[in-house]
Amino acid sequence: MSFSPAITFLDKEYSSPILGASGTFGNGDIYKDLLNYSKIGGFVTKAVTAQPRAGNPGQRIFETSGGVLNSIGLENDGLANFIEQKLPEFEKYDCHIWVNVSGNSPEEYINIIETIGEHDFIAGFEINVSCPNVAHGGMRFGASADQVRSLTSRIRVRTNKPITIKLNPNVIDIVEIAKAAKDGKAHAITVSNTFLGMEIDVHKKQPVLGNVTGGYSGKPIFPLALRCVWQIRKEIDIPIIGCGGITSGLDGIKMLMAGASLLQVGTSTLKNPRALEDISNEMSDWAEKNGYSSFSEIIGVAQKND
Amino acid sequence: MSFSPAITFLDKEYSSPILGASGTFGNGDIYKDLLNYSKIGGFVTKAVTAQPRAGNPGQRIFETSGGVLNSIGLENDGLANFIEQKLPEFEKYDCHIWVNVSGNSPEEYINIIETIGEHDFIAGFEINVSCPNVAHGGMRFGASADQVRSLTSRIRVRTNKPITIKLNPNVIDIVEIAKAAKDGKAHAITVSNTFLGMEIDVHKKQPVLGNVTGGYSGKPIFPLALRCVWQIRKEIDIPIIGCGGITSGLDGIKMLMAGASLLQVGTSTLKNPRALEDISNEMSDWAEKNGYSSFSEIIGVAQKND
Amino acid sequence: MERLKKKFAKVEIITNCEIPGSELKLLSFFEPTIALTSKPGQFVEIGIPGCALPKPFSIMNTQKFGIVEILYQVVGVGTTILSKMKEGEEITVLGPLGNGFSIDEETENCYLIGGGTGIAPVLFFANYYEDKIKSKLFLGARTKNLLPDTSLLPEGVEISTDDGTLGFSGNVVELMAGKLLAPAPVYSCGPKPMLKSILDFTNTWKTKIEFSLETYMGCGIGGCLGCQIETKSGQKHVCTDGPVFPASEVSDVL
Amino acid sequence: MERLKKKFAKVEIITNCEIPGSELKLLSFFEPTIALTSKPGQFVEIGIPGCALPKPFSIMNTQKFGIVEILYQVVGVGTTILSKMKEGEEITVLGPLGNGFSIDEETENCYLIGGGTGIAPVLFFANYYEDKIKSKLFLGARTKNLLPDTSLLPEGVEISTDDGTLGFSGNVVELMAGKLLAPAPVYSCGPKPMLKSILDFTNTWKTKIEFSLETYMGCGIGGCLGCQIETKSGQKHVCTDGPVFPASEVSDVL
């Protein structure tokens, strides 16, 4: 019997466990000629905020130490534009689309989710409580278990769509925050957002990024993100979307083994627009060669051997 | 006038700002034939605990994603052996030697510091409140500002030697912990220890490290450690020993520009036993070429341009 | 204008050699779709092994049968790795990207001004529109080694170097100022101070003046929003709205 | 025994080629101090560009005038990069490291048993003590391609492959079991199951039996404490206390 890359997540079938991560995939339009959307699990939109946001000034992205620092600062055209311009396109994309939502207050999150509503071509909402690049933004929520629990439970009752809470990994105890999301009745958690870093330009004698610090992503953060997924899965039972530094099929397999049920790939797409398909294919090849018949058999297996 | 790499730190002259970081330099004996100690600032000993410790079982070190994961688990021969065997050698080493101290309780830290005493050939104590590799070890202290403040102030009054608190970077707000160390009257802080990560062996379907998780160090953590140094220096005034991912002279310069006054290099030595001298020379070359006459002129300059 | 499809491909390096007389390097590879659809001012993103981000380079030329040529200077990590790669080794390429220079039907003459590696897109322009537009080419660089040997450049090119090691001694705008130039469309790419001087120099001209700008880029295709600039008509993204902008739009960021 | 000084050096690759008849690779470089002071069973740490840790390799041979030879198999990231490096490119080397095999004054005969890349230190032994000790060499591998061509091996070598593609079909201990072997000192390096079989096979022998072990290593020189094993006389570090241990000491970790 041949291997099938399909995987079921929250009762929906995904043709692959690999999704494009928020902020690296636009809203689906950009990669449609370069990627076969029916071969990937789907993607997460760029963060949507209630009002349009210009994002951060100055340099916003920089490669360093094998990874990438970014401080985009949630640039987006705002909720109204999202509903008018972007949402109608989703019908054309043959994959699951999660909407990444960001806000300054619980009310802003709720407003966005209720305004978008129960749209047919939306798989669910990814609640970004962890963007490191906005001064008065999501970071505040992501750091405290109480706030995550309360935000999650308030959002939860305003929509019938699944919600996943995208965690901030820059904390001493990510399990505590994951528990709070579970207590708030999140359907899943996304583990995780970027790690806070910075770079200095020695010639200019100043930070490279206009926003000084930025989110560190890509290959170098893989061992950090893998650890987060492992710690959470070890302690609590909630579907995990693994994200952070996945650049190869083997990385994807490791994330599944640690306990993730679905995966997101961000930075890899910036260099290779076909990364989502390539990584998915590498995963399938490995799994097939190693005698698995589906990815679901791999989820959490390393936990059992610990 | 020619460039001098010497730098004054807590009223002592260091012939270079570069020190060997704890756990990567043994206790000075190993590298004495390979490195000219009078050309480096000094080194920090492997962690000393009251009793001998065997360290962690299974695999302890692993290269991944351009960096290194380790879970040595504070293996050392204990305080008595340290005093009998290691301390008498220090006289021979023409550089500053800091003793890294680790414990399970404030009493253990104090016991170690008082037993070692005011030894002539010790520059000071580095209080390791941040080792990620011991289940009931330093991590507990490193995560809470209250504990750091209280531990620091209790230790502070038991010795006339300078103390530096080595921070745990796996926290939401490292500035808060640094403030606690300052409030406790630490002479300096070391920023920082490793970031908690892990790796999985896909063939064995289990974690690579015997201890499951380990500390992530080397090149990939540089932007994370630099950010920690920057954030602390921005908010509070305390001498900072910058540590984490320094692999080149330019990295060292960046750490100084962010606000560190002294630097530690760990993982780089594992591959290149002469890394401390090489990095120090690269820094001098850069500084001289760019018109500086000493490293002290570089400390914190990027803060002024922010 | 309908946006053309972009091509992403793994390609083998055909040439990767120093351009005679200079420190610049010439990279070429075979990618017919990109070769056939690229316009002057457009760029490609080159994926270099060991780099997390692709690196943007203007297209300097396309050859019959599908060869694409890039001119580059070694400035950092990625270009250093690239410069050590051998023929036959693999890179990735995504393109053509960006808008390219816009020409009007009636344009017969123009000035092409290139500074530093910014000579690449204007050389492509000269070549591409050779039969259609009579262009006068001005190239400037800090020093002789940062320009290809003159024998490789189109006839009639005027050259300046800051240190006087080749051609006119001074910057390229000083060189132009010494001539009596009739207003005509200007297409330029180069360092910001050069573009600023061009803007001042041409400030009475009523002709089209277009600048190709560089910013640090992430994806090069509109996915990451990393390449914004503030123009007179609001925030734009250099990789999709540019890299070519009307000079008047970007005067504040030069 | 006073510990000799170690040398750390940047060296140029002299040869880095496939060993005829096999998938194994031979690396050589010029480092006279290491060449002159190394003993069989010792190893070097090779610093490969792009790796964070150096990689340990047994010394397979040293040649007059200072050449050091290593035999290696491509298994992961570092060895893949190494295998692509060209002659003249730079690596670093630290050595000689570890204790090496110990021989007694009176030793006249011995058995040398190598499995997989573990053939390297026993080949060095055969060569190094050629004039002093008459050694009988047994080499085993999974398949033919994982051994050098027999023409390159010392005369009288006995070979086994698990799949029977070369020499005796079976493992190296089965090959030895088929002979009537008089007890004599045994020096061996290879996969743990092989060492375990040797221990069982020789369990009535009163002779010296030494195994060279591999663990994942950090520094290779005692600085990181990353390479511990549990021996009968407590925890040891393979890089400084080993890699060679009396077989009886390490029987529990095979």
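By written order: A, B, C and D. Residues from 1 in each chain.
Criterion: a contact is a pair of C-beta atoms (placed from the backbone, for glycine too) under 8 Å apart; a residue touches a chain by one contact, two chains touch by 3 or more.
The shown structure was predicted, so the numbers you read here are calculated from the model rather than taken from an experiment.
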| item | value |
| --- | --- |
| For chain C and chain D, chains touching each | none |
| Minimum number of chain-to-chain contact steps, chain A to chain B | 1 |
| Most distant chain from chain B, judged by the mean position of its C-alpha atoms | C |
| Distance from chain D to chain A - Cα centre to Cα centre, in angstrom | 47 |
| For chain B paired with chain D, centre-to-centre distance based on mean C-alpha positions, whole Å | 36 |
| Junction residues of chain D - those touching two or more other chains | 50 |
| Set of chain A residues in contact with two or more other chains | 66-67, 219 |
| Contact graph of the chains (line, ring, star, complete, other) | line |
| Those chain pairs that satisfy the touch definition | A-B, A-C, B-D |
| Chain C partner contacts - residues on chain A that touch it in the complex | 23-26, 30-31, 33-34, 46, 54-55, 57, 59-63, 66-68, 70, 72, 75, 218-219, 267, 269-274 |
| In the complex, chain B residues that touch chain A | 64-67, 69, 143, 168, 170-173, 195-200, 202, 204-207, 212-213, 216, 219-224, 226-227, 230-231, 245, 250, 253-254, 257-258, 286, 301-302, 305-306 |
| Chain C to chain A touching residues, read off their complex | 5-6, 8, 47, 50-54, 77-78, 92, 94, 215-219, 221-228, 230, 235 |
